[in-house]
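Dumping the structure here so I can ask a few things about it.
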Amino acid sequence: AVGQQQKMAMILPGPVEDGDFNALGYNALKEVGKTYKLETSHSERVAVADAERVAREYINSGYRIVAFHGGQFLTTAQKLAPQFADVSFIIETQTKQVPANVWNINRHFYEGFYPLGVLAALTTKSNRIAYIAGIRLPDFISSLNAVYTAIKETNPKAELKYAFVGDQNDPLKARQSAQAMIGEGADVIVSQLNLGVIGVTEAVKASGKPVIVTTFYTDKHTSAPAVYATSLLLDFNQAYRDVVGSILKGQRTGQYAMRPGQAMSLAPIHNIPADVGKRVEAVYRDVAAGKKVVPDILDKIVVP
Amino acid sequence: MSGPPTRSTERLRLEAISKRFGATIALAEAGFEVRAGEIHALLGENGAGKTTLMNVLSGLYHADAGRIWLDGRPAEIAEPRDAIRHRIGMVHQHFELIPPLTALENVIIGQEGSTLLLRRERQARGVAALAARFGFEVDLRAPVAALGLADQQKVEILKAIFRGVDILILDEPTTVLTPQEADALLRTLRTMASEGLSVVFISHKIHEVLGHCDRATVMRAGRSVGTVDASATTEQALVEMMIGERVARTAAPAEREVDDTVLLRVDDVTVAGRGGLPAVSHARFSIGRGEVVGLAGVDGNGQRELVEAIVGLRRVTGGRVELGGRNVTTTAVGDRLAQGLAYIPEDRLGDGALPSMSVAENLFLGVHRLARGGGLTYRPAAIRAGAAAPVRDYAIRGTATTPLGMLSGGNIQKVLIARALAVAGHGDTPLVVAHNPTRGLDVRTTEFVRRCLVDVSRRRGGVFLVSSDLDELMQLAHRILVLFRGAIVADLPSTAFDAYEIGRLMTGAAARA
Amino acid sequence: MRNALAEIAKYAFAFAVAALAGAVLVAVMRGDVLGAYRTFVWSSLGTAGGFAQTLNKMCPLLLGGLAVGLALRGGYFNIGVDGQIYAGAIAATGVALALETVANPALAPFAVVVGVLGGAAFAAIPAVLRAWWSVNEIFVTVMLNFVAVFLTEYLTTGPWNDVMAGEAITRLIPDAAKLPMLSVRAGSHVGIFLALASAVLVWLVLERTRWGFEVRALGDNERAARVAGIRTAWVTAAVLVASGALAGLAGAIEVTALHHRLILGLTPGYGIMAILIAVLGKARPLGILAASFAMAILLVGSDSLQRSVGLPASAALVFQALIVLSVLFVDAKRSVRA
Amino acid sequence: MSASAVVTLLLDPELWRLMLTMAAPLVLAGLGELVMERSGVLNVGVEGMMAVAAAVAFLTMLKTGTLLGAAAAAMAATLGLAVVLGYFAITLRSAQLTVGLCLFVFGTGLASLLYRLVIGVTTATPTVQTLPRLAVPGLAEVPFLGTVVFTQNALVYLALALVPVLAFLLVETSLGLRLRAAGENPRALDTVGVNVRALRYGAVAVGGLLIGLAGAYLPLAVTGAYSDGIVGGRGWIALMVVIFGRWQPGWALVGAILFAYTEALQFKLALVTKAVPPQVLLMLPYVVAIVVLVRLYQGAEPPRALGLPYERESRL
């Protein structure tokens, strides 16, 4: 209704104090709220099994923008969207088709991981590179493949080992896996973990070896200054600003890509030779500009 | 204590003790008085309140009302600790032992002598000396779980006297002992009493009371009905005090009708025991229709294993078991039961009772596989109705819906017997295997149970009666087998019953000869 | 009747105690206490939609509670309800996806039945180990929970993955495999009826069949049951398998009625809640019914506090625990007085 | 893979060292739970208690920088939770399973609530220094064992030392005797004048302290940071370690080692084989534990009074 404040809700899978994925979503919500003067509310730690209920509660209380932070909520959104045509939904998945009242934010991790693969290929001295992720999600598979492609194209002698530790947020498992990798001689670890990554840095510290690590989502540099090379940052603030702006303008459906150049960036580079850093940034810009096309291979791991 | 107190000094007085559990009035102003150096018997039917009264004295139960006097002074006993401080020790009817711990550990626990280290060796010497002095030798290193009931009883007694006692309560200590052991115990108690110990001795065996106690207090339905001098009373008089009427002695077993149908044939049965030694070796006997066969033996000679092999609870390592001509050696318990093989286990709480289920449900257990009414359904109303008769006939103190665990030991036993007889009644080879069925029962119930067993044989069923009570065996059995170290060393017809001879056989005299 | 009233009074008091604790919590977090309680009740009971969601939530809780309760009556602890829910969900999803092309309306009930069997089969592992090898069932069921999660992760990210979702979820099951909705708008599905029917069935079996009697006897004194001729190993195995079947049904319902696909995170700890519910309900179907309803309200209501007063989710967990502890406290105090 | 390669893989000293580092919290929590269970009190809230300890230890360390203070604060917190458990389980005689599960839920919530209150919502992960490795002079040079055992952090040594200490305590001391009795037949213990309640409270308190140390171990020795899933099911595993160990410290250690070893090995295996899906490897520790248990466990009985409230006058 006129004069009444728009209300926007966000449903997050984990606790917002995680300093990572959920914190980013939460911050974006607050930011968007401020930018567009929306009344915002959120529910954290929402299990997939509860998402529908929670979303319905928001809808029933007059929220007209409901964002699901995390691809696992796809079904819920698909189910609710046709029923509540007056509500705009935002999801973060890979899906290509969306109903008329759904915006999809598609995270092109693979495009960002390609430069990280270049970084690893150029930095490694042992020619052994590790990739560690938690759950074997399609996103991560395509990222892994992109890293592999980058290595093959940049430093064919280097070998890539990868592992999925079963949990994005279990630092103990991540630490054990990283330790195994370092034991195998890896001196660059490209991680695609959330909080699990703190286990990776601890493994590096415990090994006493000069191993460097890259991360994603947030810049973790300050927590282990000697270990992190860079991070692939995802700017959800921008993504949500753009998407919610479109919705408020009346465009209620669409695809939004988070990719190099848009709502994605590379954190300042540390701990590696400056020329390598320069080359990585150049590659990143090429990907952003579309000069370098990274294949998106979701369905199978091409690493031998 | 200064000097041996005289027999007439009052050591303990319980005054108007009352206690109720929910709706059950267990004690209604019960009380009696015990003198120094006296062995004081406490008598009463099952459920009369003997154990409850003694639990109050030992601090385990908190009385609703009443007072306790020790040496003429009022005593506050709120905790077992208080009782121990007052040098009161109790040997519990249902042993309070810790099965996985060794006998020694069970004896010394709570009085380990040092706060930190156990010093088992030193303690063992002390306990062994104590045991030797009173004739309670047991293997102190063995876990209690591995001991027979008689040995467990000894451990329980040792535990009480180890703490140093002026008043020793023994709650049915002789039920699991052989007559010889019981005799020895009572003689030891007499010696201890002569040194000033006061003993409260609970028993259902009146001859023990008359032969070894100084005075006796009789309880009935939670009240004390009176105290009498043992020397000035008779069995009849005591029984009448207990139940208010005379009890007829069990009729002798029925003259056995000539019938050669064999109900049970045990053929060369061997059962493995601990440490590779057979617990039962090459047992061979049979039981015919209408026959009561007794099995005598000192506890722990393989009775339990033999019985369990017959009912199907234990694997037979050699030989065969036939029931009504059918080979049942490897048949499941339930299928033997369906043929009419009923079992009254020795360990009634462990092997028999469903403590939190009702009397009616307990009566239905086992029968539930045989009763025909209603197919596979279970009808609570039918079960309650079905329980009415046994509750009445067996005079079970409780209702059909009382949880079994709430009943006194004797009443639990009645339920198990009623159930076993119902099972036997349902099969075409009715055979009751009864292991110490009257242990811990009062006079009236004992007579009742014995009559029931005799009735089974009268109705052309069979009874295999395993009992540590020789009198019972000689009174009821047509034949007595003697078991020694797992082997049946004698098969005696009733004409050859002789307590002395059987006792000799039980201790392996014949084997040595 | 007096008893029922006393029970209700007990829970009411417990809620009051917990409400007080909750108020302190909300006040500490600087929230609006009254608003909090309004939404608490309103969101779970006050609206048709809210109530429907409460019932949806109750469905796996009730079935899980029955699963734990049934095993408990036989004297066993089934801590593996989460794993069995996954197993049921996996089985149901499996057939639904395998028969994707068969547009037969019988597919939905068939998938549910297969789900039930899946839960039963998964529970058969601890069942057999317990019955014939006397291996501790708590251990095995807990371990299998982890196994089930990884199995689900494998299936949801591997062979059955919905690539477009980019998450650990499978493709949608075909329409023919979906159980009907009661109200599309409110989002309620028929699962609750299956759960209620299961409660009645469990009650009937336990209290009105001889097999149920054997289960109860077993639970009271295993040795006595064996001595009385009950084939305790078989009853043990059967009761644990049946317990798994109930959990499997819950999993199948979550897939065929709610999510329409298998999801990693399908059970956010329903197994744990189920134990709470079974114990609070004294392992009796009626008690479990009441406890699962109360628990559903509690979960839905306390969850809504996030939305209404901005209470962190973690505070909601604390609040839930406080409520149950208050129930225990009131219960204990009452039985001490009795 | 050749046989010698397999042996090299299985006996890799680094792998074994990592195993021991990861086994330590399982040992600590397992021993804590074992003490409680031997006294007859079942505590299924280990996971939640460890979470609280992890949060408190981390936050204390972050704010004060003192390691001992952090450990002490964590232990104090779990001691508090243990007392709650004791109050409900021992004094109120509530169903122990329920109380334990409440503690689990409560602890899980409280841990992140504390973190939220102190740290708030940021996108930077605060970290602390983890415990350094202490090489034991002389022993650290011993081949294999030196690497595996004698270059660990202090808490690993403590955990290992506690195993024989506790075993000795249980078997050779009066206190141990009474403790075992309390878990087997509390009434028997009561009748000889020992205060069952006090004993159980004591056991619960000691157990709480050990579980607290186990929880503190995670951020202080392994991760240097707190995250919500930090305990990651290890509390439940600790509970399983007690069952696996048949309620004996030595065997519990074996259980913890077996579990931690398979877990660590599995990450190695993930590097050498690609034929097996990673999730199947991740299942390995759990499956191996079941299989080994089937071989070992048969017939082992829990303490007879475990989980049962003791009520002096109750017959049931």
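Annotations
Letters A, B, C and D mark the chains in the order given here, with residues in each chain numbered from 1 onward.
Keep this in mind: a contact is a pair of C-beta atoms (placed from the backbone, for glycine too) under 8 Å apart; a residue touches a chain by one contact, two chains touch by 3 or more.
Source: prediction; values computed, not measured.
The interface with the greater number of C-beta contacts, when B-C is set against A-D, is A-D. Centroids of chain B and chain C (each the mean of its C-alpha atoms) stand 47 Å apart. Each chain gets a centre from the mean of its Cα atoms; for chain A and chain D, those two points are 34 Å apart.
Work out the mean CA point of chain C and of chain D, and you get 28 Å between them.
Separating the centre of chain A from that of chain B, both taken as means of CA atoms, is a distance of 74 Å. For chain A, the set of residues that touch two or more other chains comprises 15-17, 136, 166.
Among all residues of chain C, those that touch two or more other chains are 150, 153, 157-158, 312-314. The residues of chain D that reach two or more other chains are 112, 116, 277, 279, 282, listed in rising order.
Remark: the chains found to touch one another pair up as A-C, A-D, B-C, B-D, C-D.
Considering their complex, residues 77, 125, 129, 133-136, 138-140, 142-144, 146-147, 150-151, 153-154, 157-158, 272, 275-276, 279-280, 312-322, 324-325, 328-329, 331-333, 336 of chain C touch chain D. Listing the residues of chain A that touch chain D in their complex gives 14-20, 23-24, 26-27, 136, 161, 163-167, 169-173, 175-177, 179-181, 183-184, 195, 198-199, 201-202, 205-206, 218-220, 222-224.
By the touch criterion given at the top, residues 172-178, 180-181, 184-185, 187-195, 304, 312-313, 315-316 of chain D touch chain B in their complex. The touching residues of chain D, counted against chain A in their complex, run 12, 14-15, 18, 22, 112, 115-116, 119-127, 130, 133, 218, 222-225, 227-230, 232, 234, 263-264, 267-268, 270-271, 277-279, 282. Residues 43, 47, 49-50, 53, 56-57, 60, 150, 153, 157-158, 161-169, 172, 184-185, 187, 254, 258-261, 263-268, 300, 303-304, 306-307, 310, 312-314 of chain C are the ones that touch chain A when the two sit in their complex.
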